[in-house]
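One structure below.
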Amino acid sequence: MKPLLQVSGLNAWYGESHVLHGVDMTVGEGEMVTILGRNGVGKTTTLRTIMGIVRERKGQILFDGRDMMDVPLHRTAHAGIGFVPEERGIFATLTVEENLMLPPVVAGTGMGLDEIYELFPNLLERRTSPGTKLSGGEQQMLAIARILRTGVRLLVLDEPTEGLAPVIVQRIGEVLKKLKERGMTVLLVEQNFRFASRVADRFYLMEHGQMVADFPVGELPERMDMLHKVLGV
Amino acid sequence: MAINAVQTHEEPRVVLSARGLTKVFGAFAAVKDVDLDVHHARVHALIGPNGAGKTTVFNLLTKFLQPSAGTINLLGTDITNTAPDKVARMGLVRSFQISAVFPHLTVLDNVRVALQRPNNLATQFWLPMSSLDRLNQRAEELLAAVGLADARNTVAADLSYGRKRVLEIATTLALDPKVLLLDEPMAGMGQEDISTVSGIIRNVAKERAVLMVEHNLSVVADICHHVTVLQRGEILAEGDYATVSQDPRVRTAYMGTEEA
Amino acid sequence: MTMIFGIPIQAFLGQLLIGLINGSFYALLSLGLAVIFGLLRVINFAHGAQYMLGAFVALLLLQYFGINYWIALFVAPIIVGVVGAAIERTMLSRLYKLDHLYGLLFTFGLALTIEGTFRYLYGAAGQPYSVPAALAGGTNLGFMFLPIYRGWVVVISLVACIATWLLIEKTKLGSYLRAATENPVLVQAFGVNVPLLLTFTYGLGAALAAFAGVLAAPIYQVSPLMGTNLIIVVFAVVVVGGMGSIMGAIITGYMLGIAEGLTKVFYPEASNIVIFVIMAIVLLIRPAGLFGRDA
Amino acid sequence: QSASDGKVKIGILNDQSGVYADFGGKSSVEAAKMAIEDFGGKVLDVPVELVDADHQNKPDIASNIARQWYDTEQVDAIMELTTSSVALAVQALSKEKKKINMVTGAATTDLTGKQCSPYGFHWAYDTHALAVGTGGALVKQGGDSWFFLTADYAFGYSLEEQTGTFVKSAGGNVVGAVRHPLATNDFSSFLLQAQSSGAKVIGLANAGLDTANAIKQAAEFGITAGGQNLAALLFTLAEVHGLGVEAAQGLTLTEGYYWNLDDQSREFGKRFFERTGKMPNMIHAGTYSSVMQYLKAIEKAGTDETEAVAKALHEMPVDDFFARNGKVGANGRMIHDMYLLQVKKPGESDEPWDYFNVLSTIPGDEAYIDPAKSGCELVK
Amino acid sequence: MSHTTHTTTDIRNEKAPAASFTYAAFLLAGLAFLLVAPMFFYPIFLMKLLCFALFACAFNLLLGYTGLLSFGHATFFGGAAYFTAHAVKEWGWTPELGVLLGVAGAAVLGLVMGFVAIRRQGIYFAMITLALSQMFFFFCLQAEFTRGEDGIQQVPRGHLFGFIDLNVATNMYYFVLAVFIIGLVVIWRFVNSPFGMILKSIRENEARATSLGYSVAHYKLGAFVMSAALAGLAGGVKSLVFQFATLTDVTWQMSGEVILMTLLGGIGTLIGPIFGAGLVVTLQNYLATSDFPVTIITGVVFMVCVLVFRRGIIGEFYASRLGRRLGFEHRQ
């Protein structure tokens, strides 16, 4: 499989605190990869650094063969990476639909509005209300939905199931599978291990700002012991 | 008053009750005609799909929002029109969905701030800070109870997420509330923290009422005596976890086909 | 003579109209403030200074290059807007990650510096700027003699207000602007060049102030202090309107201009403070302001 | 013959950056310098020094500076003192410290009335002279009903009151008044009130920028065209220059000096112009005159000791290019002739700064209050 | 939201135990200096400095420890000056009673302004206090007893407690010094008290403080009134020092000036505002007789402070290597 995203020797800092200590990882075209790890090991930071939000960084990030280290933040999306942050980032002053329409379309391959509303009927119903008047779960849906419109090639999701009802988690799982069928590449951070095991092709296990293990979904059963020890699942 | 009159010796008494609770935002009814009774020495779960109105119910009960209709009764007093800080002083204390500590204070100070008010040490601007030292003993007991004794002098911002939530529970307990409202206390927690916090909640509920919103159904199954399922602002089902989780309507509306 | 509340109706209508004219300035200025505040979360204390700059640029353009009012009406706001944008880019933009109060304090210092400098260079006395020939003279409305120029101010400021409102509420650019207010990093991560957007916004706000300044030049003397106290009244207008909405800023501007005009008829001593009194009352009843969203 | 500390030091304290900066301002300092130079730079064989400061029209700032000058910098006398509030404050302080002050900038008659000082002198003009001059002229032209636009502070009140009294004594009446705050931008609603009052004359009891704005806007609202007359009660060459002859034409005003009056005044005007780029008004010329007279008084007294100099100042007649037939009353008022002037039409002036036609000369005794009736307790 | 509740991002706790010895040494040195200062400096200048230093400290009590930026503190400073001056001049009160009246008046004004303004936070709060103080300014401009633009002039200093003649410069100086020290002690006690602790927690997380049962508005109002009263103390004394009460002290520029002093010295440090006030007052004194307009300098200093010097003199000193070596740790 052709690698779409290649990260090597990535280090990152928040001011004086050194958070990533040489992250190496690869995400293949069309693959769905999940990063697992305890609270605070640096999962979110990894995603934010790849996006270019955290800019105190060293190492190498190649996206589709292109060096991303010097690309300014507002060009990252145009290169084809879309981001759903952990805190969702719904805009209060915009209506649901304006939120949905906000991110500029970067390629013609995105979903249409109808398709999106079909996936997330809640959003259709609350279309004209201000974004943050949605419940936590609805906000999460909106955050994913709006990226689907833009036609990015790599979707970066930070804990998409946090705070969601089981039915919705299921629905999101289905959405992700559907996206995969369409050839979308997904990089996911998850605490919800059961959910992750249902959708991912491959896992990275993260500890102390580094990737400590990397295995495909098939090896899951024999890895359970280790995961148990590291994650407590 | 009428509500209190019905209590019997067998059944734990009702400490917080709402009748016909309704909240309308513009044309949208987020909470519709909800009746709720929260009992002493019981853990009561409020579950439901996202956007069902759980947080809104919390906001209404704690008076952070004013209900559009309905009444709320706390320990025999009607609090439908009472200010939120007053409600807190009457013994109804909440936690927030997003963690709420005082980030730049030490863990000990976080708890002491909560202890100041019940100990009448909050408005004295002429006393030295050391006058607060007499709160230390109680504060340390509370920290020990939730397993934060070792972090006594750590600045709260430096705590891990899970331990912040635990600290928040400790400060809440400092007020010695009669009723505790917890909004998704386990959200974002790793498994090991979840067990700790479950244990703490179970302990706490021995002598007070707890109402909590939670999506982690294993926790609900584990520690909650009573479950209310909310959907689209209305009560869909009520009962103990076993009953509720078998209800087909609950399964389709909330749990899905398999347990998470 | 017909009387209304013990005042001749002519005088009453005249004051009403004058209130509306003043209201036009309040509206334009509070609109500019609202635009900047809405997107940068900065209370632009230099707004009064930028208003003054607009008038001065028009005056200097005339004195040194013989550029007339009509051209100045466009050129002066552009010049002031560009200067504003440059200040935003080089200085103000460093403060966004800090508490919003620093933006207020910075622009406060900026206002002092600009006004001090102009006062140093041009003295405090006002300089005349004459009404363009096409708008000179006046018409008799029956109840009062309306200088045509003042009528023009009412009309053109209304146009400017509505145009700005449309730009921000009804365009894609507007939704970028509003979203960037809340979470600039994320909007940038979506592929929008946010820093440029903010620079543009500050420039736009400053240009609006300058536009008001050019409009004011033929009415009032062009003086370094012309914006100094005005800005505080405009702050009060903004508080009454509530910071949430652009439309609120506009409507409140006109309303309070009229309220002030009427006070001058009925209780002139209070005309200086009436807006502040209204502000206090509104705050007691609706802390978020008339059009503001809840905090 | 001696000077107390080996030098004579004069302080010019005035508004150098505010609303009245053009009125006196830095140019007054220049005028004082010219006086010292013309005197020879020395008196009683000790050098004469000059310091100056900007009081920003704030009495507290002014009195702080004055106090510091007197306490720590051996200043012997303070001059100019724009704005009544400042002048009153500094005069009180000077009285306490036994120092001489000579006022040219401020207008209020209180300086030589209720609040007079044995060491305080009022040199160039005052509200009474303005009332008599401008007020009187307009009443004579038939302006027998007045409406006042008054600056809302002591100076405005005193100007309004004295003009009003004068108008009434000449058989006219005052139909109303409206007070406006100092530094008002927009006079339209006040003007509208003045207009609907139907008064023949609208008296502007204000100064500086306020007067200029009011005049401009009155034209805009068709007030002058509608037959009402404006009386700019305190208006000088500097403001006319700022407003432009076009807008100011026809205004009647009163000054204690006009550069284009005669050779003597022209000579000073030209010299002043060379140094400052503008022609002097009565404040500038008055400041020159007061400094000059002060130095002469020291020479006459043979000391710079306050009592002696004050005595000399009270006794010496004043006769220079500025003050004709000048004398100093026991209340400190320097009584001299004033001029009733009218602003020329744009075509009429044949050289730059030639703005006025002289309508008449008002003899000092008419222009100023008789010291005996001034209410000053020094006059027995 | 977090932006509006945490008002200043780099407010430090000054309670560094390691520093207490050095701190005490500094304080003693400072005190000794102030005791002998009138022998070397112009007493009026020193008194002015002390008044403004106290004013800035009072202001900082609100900004630095409650996170509320008031843009209307001139109202209390100047208002008290009027009250004191009027009582002393027109009613013949003794100076100490006059000053107490000023303090009480300022507290009442603080209560009224606070009551209205406290409903909004952050920049809104700043704008509202600004507008209300402008309203008070216009009131003073028009009220009879303030004598408008003229101000209350020639205020007698009188005899302290009826027998200490304050017209003697040194007596007046030590009176002002005593008031200054009392003011500082009150502030210090206030900040380091149970009440101060609640204020701190409110600044950190307002919603949480409410949910713990604290009526946030009352605490803020308490701090506001306290700050107003102390600003009034400074203003009342100032009117005796200069024998003057004028509009200058109630203008919004004065409110701006006290912000500058605090910012320049170090927001949230106990002694920073004193240095800030000292610098500003000295600068003004120097510039008052020079050609250069004060406002330009003030403006530029403001901008520079905000852009590169946010911690202020004392804050930067604490954070510097020397400051840390002396034990003034700082944390964000």
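The first chain written gets the first letter, and so on, giving A, B, C, D and E; residue counts start at 1 in each chain.
One rule holds for everything that comes next: contacts are C-beta pairs under 8 Å (C-beta built on N, C-alpha and C of every residue); 3 or more make two chains touch, one makes a residue touch a chain.
Labels paired with UniProt names: A, B = Branched-chain amino acid transport system ATP-binding protein; C, E = Branched-chain amino acid transport system permease protein.
In this text the structure is predicted, and so the values were computed from the model without any measurement.
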| Which chains, if any, touch subunit A and subunit B both? | none
| task | Weigh A-C against C-D on C-beta contact pairs and write down the one with more. | result | C-D
| field | Chain located farthest away, centre of subunit C as origin (C-alpha) | value | B
| note | Computed over C-alpha atoms, the centroid farthest from that of subunit E is that of chain A
| field | Gap in Å, rounded to a whole number, between the CA centres of subunit D and subunit C | value | 37
| note | Distance in whole angstrom between the CA centres of subunit A and subunit E is 51
| field | subunit D and subunit E, separation of their C-alpha mean positions in angstrom | value | 39
| said: Based only on mean CA positions, could you tell me how far subunit A sits from subunit D in angstrom? | reply: 78
| field | subunit E, residues touching no fewer than two other chains | value | 138, 141-142, 293
| Chain pairs in mutual contact under the definition given at the outset | A-B, A-C, B-E, C-D, C-E, D-E
| In their shared complex, at which residues does subunit D touch subunit E? | 16-17, 51-54, 58-61, 63-65, 67-68, 71-72, 83-85, 88-89, 92, 152-155, 181-182
| note | Seen from subunit C, its contact residues with subunit A in the complex are 172, 175-176, 178-179, 181-183, 185-194
| said: With touch defined as at the start, can you tell me which subunit E residues reach subunit D in the complex? | reply: 42, 44-45, 48, 138, 141-142, 147-151, 153-154, 242, 244, 246-249, 288-289, 291, 293
| field | subunit D residues touching subunit C - in the complex, by the definition given at the top | value | 17-22, 25, 178-179, 181, 183, 185-186, 188-190, 192-193, 196, 208-209, 212-213, 216-217, 220-222, 226, 238-239, 242-244, 247
| field | subunit A residues touching subunit C - in the complex, by the definition given at the top | value | 51-53, 73-78, 82-83, 85, 89, 91-94, 98-99, 101-104, 106, 150
